[in-house]
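A short worksheet on the structure shown next.
Here the chain labels run A, B and C in written order, and each chain numbers its own residues starting at 1.
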């Protein structure tokens, strides 16, 4: 606990740097990542991330020192080069994009590994720490490194802020953006440059291999909480920054732990949590909605059954046992029991020793459903030429969907009918 | 105008298909007679391809069923052949025209057997029927659109089925190929085969087909050509969509509405 | 050539053949990046298998990790189809997650798992000759790894040999395959299972990323040289073998990682063919632009 306090209080200057650094690095890649994901170019970021490695090694080999600016320049150049190569391969041959990405990613990375191992074996003492690029180490960011990379991150965030609406249009509708005279080519170039920069910067915290997660995962997660781009970007940045700090905390407490994988692990858990539990779009929410709709269908079907039973007798107040309802409409007993209890709570049916009966409001509701069922049947026979013995099945589901507005429209189309195709009367609107 | 026949080759019963929860076909109920050239006609987005795919079991059905030769598809697969849209495959694939034609024989080979001399022979004969024997060893990307379509047809021919379902075989082909194909289809009909063709050209439909299925999200008509290609029925097919159907589709789609309270028992 | 060099090149060649055979099907199905994802995702499987079996028990490891590879493809499909995550994002999220899990497990159980992080990325093919398989009677059978990968290669050859037509058809035209009763889902998962198995077997010697180089590189090169899938399989296996030999000597010269050097050679092969291929190269395309426009 006291470590957490130590960490949070930021009394240690080092901790302060690491925290600020992590937030900036993680947030800037998440922001740019939103655009790459929306433009369906998520895996291109993966290629750039791997292609950064040879640049870092080359820069080091040429200068013999680990000047952050030089390393940044080197990685930026090879990162860009990888994108150009992917474009050339797909444009000039029949190789498809995914293959080109996989090829460029692995070959560039192979070159990087060859150079890196070669440097390591060369005995140059300056080289230690270059392998941090593989898995990243935000905790080791200090001094000049931090200032350089922090500055780039701020620059990135500022450019996105300034060109927000242009980038938004570009991601949403490229053709339209071109027709209204936006310099599409230039903007795309800029956005790609920003992506490469974000990768170069983000690698400091998670490393080459897992970098694509920093672009893709927060954006994919944020997409589940909102439909608005602005909110999505802010959410992605916040999630990412939080995980960045948490990752830095892990390596603060346990230096043997790799920072990058922890950040990615936390981000992934957050993303999976979002996929499943996000309101509206999440898996669970959609499952629950389905279940609620199904239950509502069951209840409406019971009301309808009671109505049919009453219709036969010409009196709607009678009570019917569960067996009688089941006889008309096969369904699992437990589900029917639950539905009946809910209906009673809603005041639509009442229970007496002799069974269940519709209340006046219940009858109105039942009437509405039967009416919709018969209207739809009539619509199918008249407008779709479906034979009258085939329409029932379909109406069984559509009756639960029709809105009052559609109901009105159907009525007008069918010229206010009074009988359905089976010559049962269509109950009028109460 | 929906005419049913007795002892049909193909029976579609009360079929509703939602492709990703958007019903694109409502309550289609039709039968197709033996030994006929059948055209499936309708505007873009009317569900023509969907109907063919649903018949071939490539899409989940929401309700209804399909019977071919009076049996479910799985029991008569060998007698049914399917020609997908030409754009549905990657023509850069490393394969020759003969390779593609030979694929038609795979169904009859079972799990382990490999195509041999007999299958090669069948494939060559099929290529000859479509006039592509000289291109047998040509890589498929080097063929013109019309030639590619012929190769697709030869694959179906190599299967030697009794019922053929073809998705837009005339799309993007030259006049010569179109004439050659229709001539071939007529010959097939003479030998007792039934061919169902998705087609979008109204002008030629009159000449090509002897049975027409008019489709626009629902079945408008199904019957002999001269009884179905009437101005009134065409107006109904092409004269705009039934807005109520689209609205209901949208509602189902948006709310992710379960189509049934419980899963319907099969058939 | 000394014996160690022979074993290293042989291992490299066997890995290259396994990977490039499967890679041909992957790139034709436009699933190169799924191969990439699997190669990362088997890591936690390997680590867990290590932990549970307590040793390098080969078969548990292969099986455990291969299962995880298939689970990875299943997760990708699940996130994409059920949760509506875009396809490429779904790949990206899934494999980075599983790979991160693997690295964390390695760090947590550093004492019990004999794998280090760098090895995971680029393997230790140079150490292959050190792990010799000696029978109880004292017979020296050569490196263990060679036997494992050899075994996997036999399985793969049987798989592709017996079921060539199914793999061929489901890759070219899945709708037609389904229509004649060949299950696309079944063959999809079998292929992914084979990819996972190969990845696991190759992992120790060449590492995650270089498996991808071997899976994508030689097939892509062969794809520009031939229009016949059978030839494409043969050529890519040959190219892979060449690359592993060339890579070994390149690495020797530069005193660097063998696996890294192999993928550099693969890159060079591709570059050469991309420019000079008689049928699909840059030069020949420029010379006869009329033909390509015709298609």
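The rule is short, and it goes like this: a residue touches a chain if its C-beta (ideal position, glycine included) is under 8 Å from a C-beta of that chain, and two chains touch if they have at least 3 such contacts.
These numbers were taken from a predicted model, which means no experiment stands behind them.
Peer 1: For the chain pairs A-B and A-C, which is connected through the larger number of C-beta pairs in contact?
Peer 2: A-C
Peer 1: I'd like the most central chain, judged by C-alpha centroids against the all-protein C-alpha centroid.
Peer 2: Closest chain centre to the overall C-alpha centroid: A.
Peer 1: Can you work out the whole-Å distance between the CA centroids of chain B and chain C?
Peer 2: Result: the chain centres lie 39 Å from each other.
Peer 1: CA centre of chain A versus CA centre of chain C: separation in Å?
Peer 2: Result: the chain centres lie 30 Å from each other.
Peer 1: What whole-number Å value describes the gap between the mean CA coordinates of chain A and chain B?
Peer 2: Their C-alpha centroids are separated by 36 Å.
Peer 1: In chain B, what residues contact two or more other chains?
Peer 2: Chain B, residues with two or more chain partners: 141.
Peer 1: What parts of chain C, by residue number, touch at least two of the other chains?
Peer 2: Each of 30, 223 in chain C touches at least two other chains.
Peer 1: Could you check chain A for residues that touch two or more other chains and list them?
Peer 2: Chain A, residues with two or more chain partners: 94.
Peer 1: Per the contact definition, I'd like the list of chain C residues that touch chain B in the complex.
Peer 2: For this pair, the touching residues of chain C are 28, 30, 162-166, 168-169, 171-173, 175-176, 178-182, 223, 226-229, 231-232, 291, 294-295.
Peer 1: Help me check something: in the complex, which residues belonging to chain B touch chain A?
Peer 2: Against chain A, chain B makes touches at 1-2, 14, 16, 26-27, 29, 63, 92, 141, 218-220, 242, 244-245, 247-248, 251-252, 255-262, 264.
Peer 1: Within the complex, which stretch of chain C touches chain A?
Peer 2: 27, 30-33, 35-36, 40, 79, 82-86, 88-93, 96-97, 99-101, 103-104, 107, 110, 117-118, 121-122, 208-210, 212-213, 215-217, 219-220, 223-224, 250-251, 254-257, 259-264, 266-267, 270, 274, 280, 282, 285
Peer 1: Can you name the residues of chain A that touch chain B in the complex?
Peer 2: Touching chain B: residues 94, 286, 289-290, 293-294, 297-298, 301, 331, 379-380, 383-387, 390-391, 393-394, 396-398, 400-403, 406, 409-410, 413 of chain A.
Peer 1: Using the touch rule from the top, collect the residues of chain A that touch chain C in their complex.
Peer 2: Listed in rising order, the residues are 37, 40-43, 45-46, 50, 89, 92-96, 98-103, 105-107, 109-118, 121-122, 131, 134-135, 209-210, 212-213, 215-217, 219-220, 256-258, 260-262, 264-265, 268, 271-272, 275-276, 281-283.
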